[in-house]
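Scrolling down, you'll hit the structures one after another.
Two complexes follow with chain A in common, the first pairing it with chain B and the second with chain C.
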Partner chain A sequence: MRISTFVTSVAATLLLTASASAQTVGVTDTSIKIGNTNPYSGPASVYSSIGKTIVAYFKAVNADGGINGRTIDLISLDDSYSPPRTVEQVRKLVEQEKVAFLFQTLGTPTNSAIHRYVNAKKVPHIFVATGASKWGQPEKYPWTIGYQPTYDVEGGIYANYALANVKNPKIAILFQNDDYGKDYRDGFLQGLGDRADELVVKMLPYEVTDPTIDSQILELAASGANVFFNITIPKFAAQAIKKSCEINWKPLHLLNNVSSSVKSTLVPAGLECSKGLITAQFMKDPTDPQWADSAGFKEWSAWMEKNMPNADRGDILYAYAYNVSKLLHMMLNGCDDLSRPGIMACATNLKDVELPMLIPGIKVNTSPTDFYPIEAEQLSEFDGEKWVLFGDVIDLSR
Partner chain B sequence: MDRPNPITPGLLIGFAIAVAFGIALPHLVSDFITYQFTLAMAWAIAMLGLNVLTGYNGQFSIGHSAFFAAGAYSAAIFIDHFGWGPYEAIVAAALISFVFGFLFGLPALRLEGLYLALATFALAVATPQLLKFDAFEHWTGGVQGIYVPKPDPIVSSISADQSLYYVALFIILSLMVITWCLLHSRSGRAMMAIRDNPIAAKTMGINTPLVKTTTFGISAMYAGIGGALFTYASEFVSPDAFNFFVAVYILVGSVVGGIVSIPGAIFGGLFIVFMPNFAQDIRLAYEWLPPPWAIFGVFLILIIYFVPFGVWGSLERLIVWTKRKVSG
Partner chain C sequence: MELFLQLTLAGLAIGSIYSCVALSVVMVYQASDHFNFAQGEMAMFSTYIAWTFLGMGAPIWLSFVLAVALSFLAGVVIERLLVKPVEDAPILNQIMVFIGLLVIFNNMAGWIWEFTIKPFPSLFPADFGFKSSLIGPHHMGVIGLTLLVLLLVFCFFRFTRVGLAMRAAAANPDSARLVGVSVGWMLALGWGLAAAIGAVGGILVAPIVYLEPNMMAGVLLYGFAGALLGGITSPGGAVLGGLIIGVLENWVGGYVPGGSELKLTFALILIIAVLLFKPAGLFGRVVVKRV
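On to the complex of A and B.
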């Protein structure tokens, strides 16, 4: 009798162990463990609003009962935007915390540092927060998938627009001297094609640590250019718009999407000076009055009011983070197979998903060969008060 | 206390225990923790370099991140561009860092105290931008950085993380012994004489410029070796990894461990790796606490307050005090 009890209990233990090991790391019947890194400190800490929103989003999801009966245990760690620190934190998440997958790890250099590691470990590395183009390589890196439209492709849109709308274009370019600036620049030059060398009359870099870019603007204006591609972050974009207005330089001014926020760029630059700016957008700018009555904006705004009442709702990063969190929420909701390959399959089979803060007509689409979820943008022109969309949604699918 | 410890039976026993613990450690903890200890040793080697320079030679540097980066990038470039093995690359990285440090030491001769600190600060600030510079991009990979594969295990029965840990342990122990010998030699006494009284040292016939620049070179070489090991553990180098904060971490670690000491560097390395993680963990557990770096700052202030000579310096004083009490 005793022996049989012993045998049954051993058998039961073995069975339990077997069924537990068959399950995915980080996934139980009641929870899913997800890892994230974000620069809560250091030079890029402005992006920490993304990390905070994602954490708040899944806290709210858990309060509503989780996803398919599972609570979301999201662990968001600080990497200070330092690549070796990202390696350390991601190893901690994967090897020590044993997360099922990684979500929205932020930054190009930081994600580059863990790119090979996560693919060697076969850990899904989903919707990374960077606009570089290298995240969509299914053959080489089947476990990493991007999220937003890539900078180089957006650069190409501006090139096409300039070629089609300006006679005898003479082009000036100002770019931030890092991966982001160079991605935009190279996409733009590629869009110009063989004539790039002849069309670009002046190209100047600046460092993110520079106090001002006034001298660059004077030099670019002196080149006699009639097209200006402005690849700068909000602080410098505002300076550039203001300075070129002051010296009465009026080229076709193409402003990269990174700085298209009405509140953080155009208001400081002066709304009158900002008239006629052209940009490409994929998200609703929360400071643009035309979206105030759209259903998506209301949904986001109500959520912010309830869950992050003290946050500055003019900051587009909150809308960005809400969108991508919602995308993951919807993806997990429809995902039956929560093994690691299963999670990857769900992330790479999204069809026409609409998100509240995406511009109408722009949808999320992925496939096992297309690892670029958002691949459309629409051009818009600033009328002195708001961005006015024009033309069709430009589908950049490659 | 401003001289390296003499050899006593107690010191030897302590050293033996530490070595035994160091050898056993990777078999007691996970690969991840082993890797964190490897990182700590990489930092500690750079801190040991700073201890020699600042603690024993009296020259200040808040620019050791530059030499750390020089070692890291040299190793990465030799492996990536020339297909060298990781261990040959470390030797090359050490030599390049030495030359770099020696050359920087030459103009630094004209600068004393705070002014030298400022010059090294400039070096630290310029480093990430130099690494991004277009003209060097072919070598440095520019903003994209370089991927460096982790060295294969030295014996097949252990993991790559464990193997790298033992390599780092071997290097740091060797460097500690070498440093101890150096400081007990004629040159070491010359270094300390310059720190204590440069004019008297010169009068006694010490070639002050040569000793100072060589010390700078040796210190930079240590930092470079640390940087190379750090790169192997992280498997990646990029300019953003070597910002000014790295120089501050090295200085903070040196002071926390005890800047006028050899073993103190190990405590400094452990502090820099484990304290920020610890601060983050307790913040995640207790959300009402201030942000992690504020917690880190509080711990730092407490340490400076309670162990003002660094962990090792204070241990030494404690031992001397106890001995005096015991012998009455």
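On to the complex of A and C.
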């Protein structure tokens, strides 16, 4: 008994000193240094709107006096979506700039490249901008936490929906040939259960370098499928919707959330052709008229008007970035212990946090064993003008 | 059978666009003996120019003509300002210039017009009078217009004095200079034509793949394959090469098991095979260089 008390107190002392020394990294009484990587150039530069918004957000926070008297020193570096460059930039952030933690580093391959490194260095790697499922492993990677609903779970939602709503489903799948596409595909197949082999009549991949996916669509249509799970990024999603419309193939069309933006996908594809699409959503699509009067939309819109007046507000990424920045803002605001373990503790103890651009009823929840902040989505169907939500918010917490 | 026809026709349409790119690659190669890696990005930029005219309210065909004309001028200017000064520089320097152009055009487009995809209207009416589930009206128009462009280019080289002078400048610069042809300007003209043809390709492909700064990256690769297959020295061969690649690519995707994963691999294998076994391509002439 006495020995164990002794051990505990020694351990406690050690922990205290550890946290006291850790507290100095990147945090002073007047500032917090945060690192971020984003593809400002290269093939994924469409996501640079996220980086720009995050930077603008904390600039505005600083102009208002910072967080608890500390200004936010956010360093956002370009990694061109190239994993080796991400490694280089993150090393620079951690070892030279000595940031307190990393926030919203973007991309699945890029984050995979620094996953081990940041965990070995014990640098909090918070709210990464990717929907892969591997960011929620508290035992193996206690310093990395995800943000958005994961692709595999969303895939499962579509599988359940197809099974429940289509008699004798014959399923065609088109997926991007990488981690993102396979996560969605595997979640979907898992959702179909034992009958997956028999139900899926055709499954085709495409590469991001393909100029068009016309031939894939022709083949999928020729398989006679009556359900089509479309796992593609906006450009190819629009092509797929347009092409299947052109050749008059009308299956139950399940569109992954990645490409659900009305402006970036459905308008280019043609609104008439987009009628009847089904997707699962967790965010308010800024181009969807039904949100125009909601308080959250107004808050975001006013912020955009003030801080990024020239940005195209139809781009959902601005709303995405505003949400996650606000989440970090609120988290830091309520965080007393700004040591690295302390920051991690704050990130993993969020309870029912509501964000302005989340669909009503969807909240952020984390715990020391649950590293998936947003785990709910709601199905919706496109009516030719906007997404119409139906059913309940589906909570996917595991 | 329906699937076969659909695949083939879609292949011909996208192949036509590869042809345009292949043709412009060949034009530049003829003029300055190099692959212009920025050809695709220049075409993409031209398409944005057309899109800008559209946004200002110009009708689609007028935007098309203006964009193609401006691209021609831009091609000439680029040759004069950027390519000519490195004419005698080592080959690596020249390649750096082309790669530099590629990156500059790509990022400039993203910076000016953002990276989100934009719908681009078709040059052709949605209704040609008959409807078919085998091929859409735009795809049909693409094939027709490409053939027309090819015909024009052919006539230009065959029947005009400038065309003859350009051929002379490419085939034998020294003799051409002796008979009074301004070789330098002929090369610039070649660049201009290449840029103009590229612009046609860009504007034709945009309604299918949507307008965005990276839209030509994949197309350029297949265009290269087409140019090499047809013969890098033969404009007609390049067009045919592009068409063949487009159709084969679709057939491979459609009929070879696991083929849609192999489409790009297939194009690359074709490039390597041509270079190994028939470097002059199907229709090119064998170039013998004195050293």
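Methods note: the second predicted complex is superposed on the first by the 375 of 398 C-alpha atoms of A that agree within 3 Å, B and C clash if a C-alpha of one lies under 4 Å from a C-alpha of the other, contacts with A are read in each partner's own complex, and residues count from 1 in each chain.
The rule is short, and it goes like this: contacts are C-beta pairs under 8 Å (C-beta built on N, C-alpha and C of every residue); 3 or more make two chains touch, one makes a residue touch a chain.
Keep in mind the model is a prediction, meaning the values are calculated, not measured.
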Practice prompt. Using the touch definition from the top, say if A:R116 reaches chain B (first), chain C (second), both or neither.
Written response: first
Discussion item. In the overlaid three-chain picture, which partner chain does A:P84 touch, first (chain B) or second (chain C), both, or neither?
Written reply: first
Item to complete: Could you tell me if A:E207 is touching chain B, chain C, both of them or neither one (first, second, both, neither)?
Response: both
Worksheet item: So, A:A222: does it touch chain B (first), chain C (second), both, or neither?
Response: second
Discussion item. With both complexes overlaid on chain A, does A:K182 touch chain B (first), chain C (second), both or neither?
Written reply: first
Item to complete: Mind working out whether A:P43 is in touch with chain B, chain C, both or neither, as first, second, both or neither?
Response: both
Worksheet item: Does chain B (first) or chain C (second) touch A:Q96, or do both, or does neither?
Response: first
Worksheet, complete the sentence: Residues on chain A touched by both chain B and chain C 41, 43, 177, 207
Discussion item. If we count contacts the way the header does, which residues on chain A are in touch with chain B in the complex?
Written reply: 40-43, 75, 77-78, 80-84, 87-88, 91-92, 95-96, 108-110, 112-113, 116-117, 177-179, 182, 207
Fill in: List of chain C residues in touch with chain A within their complex
2-3, 6-7, 10-11, 14, 17, 107, 110, 114-119, 133, 136, 205, 208-210, 212-215, 217-219, 221-222, 249-250, 253-254, 260-261, 263-264
Discussion item. Residue numbers of chain A touching chain C in their complex, please.
Written reply: 41, 43, 45-46, 48-49, 177, 204-207, 209-212, 214-216, 218-219, 222, 234-235, 238-239, 246-248, 263-265, 267-268, 312, 315
Discussion item. Show me the residue ranges of chain B that touch chain A in the complex, using the header's touch definition.
Written reply: 30-32, 35-36, 39, 129, 132, 142-145, 147, 230, 234-236, 238-241, 243, 245, 277, 280, 284, 291-293
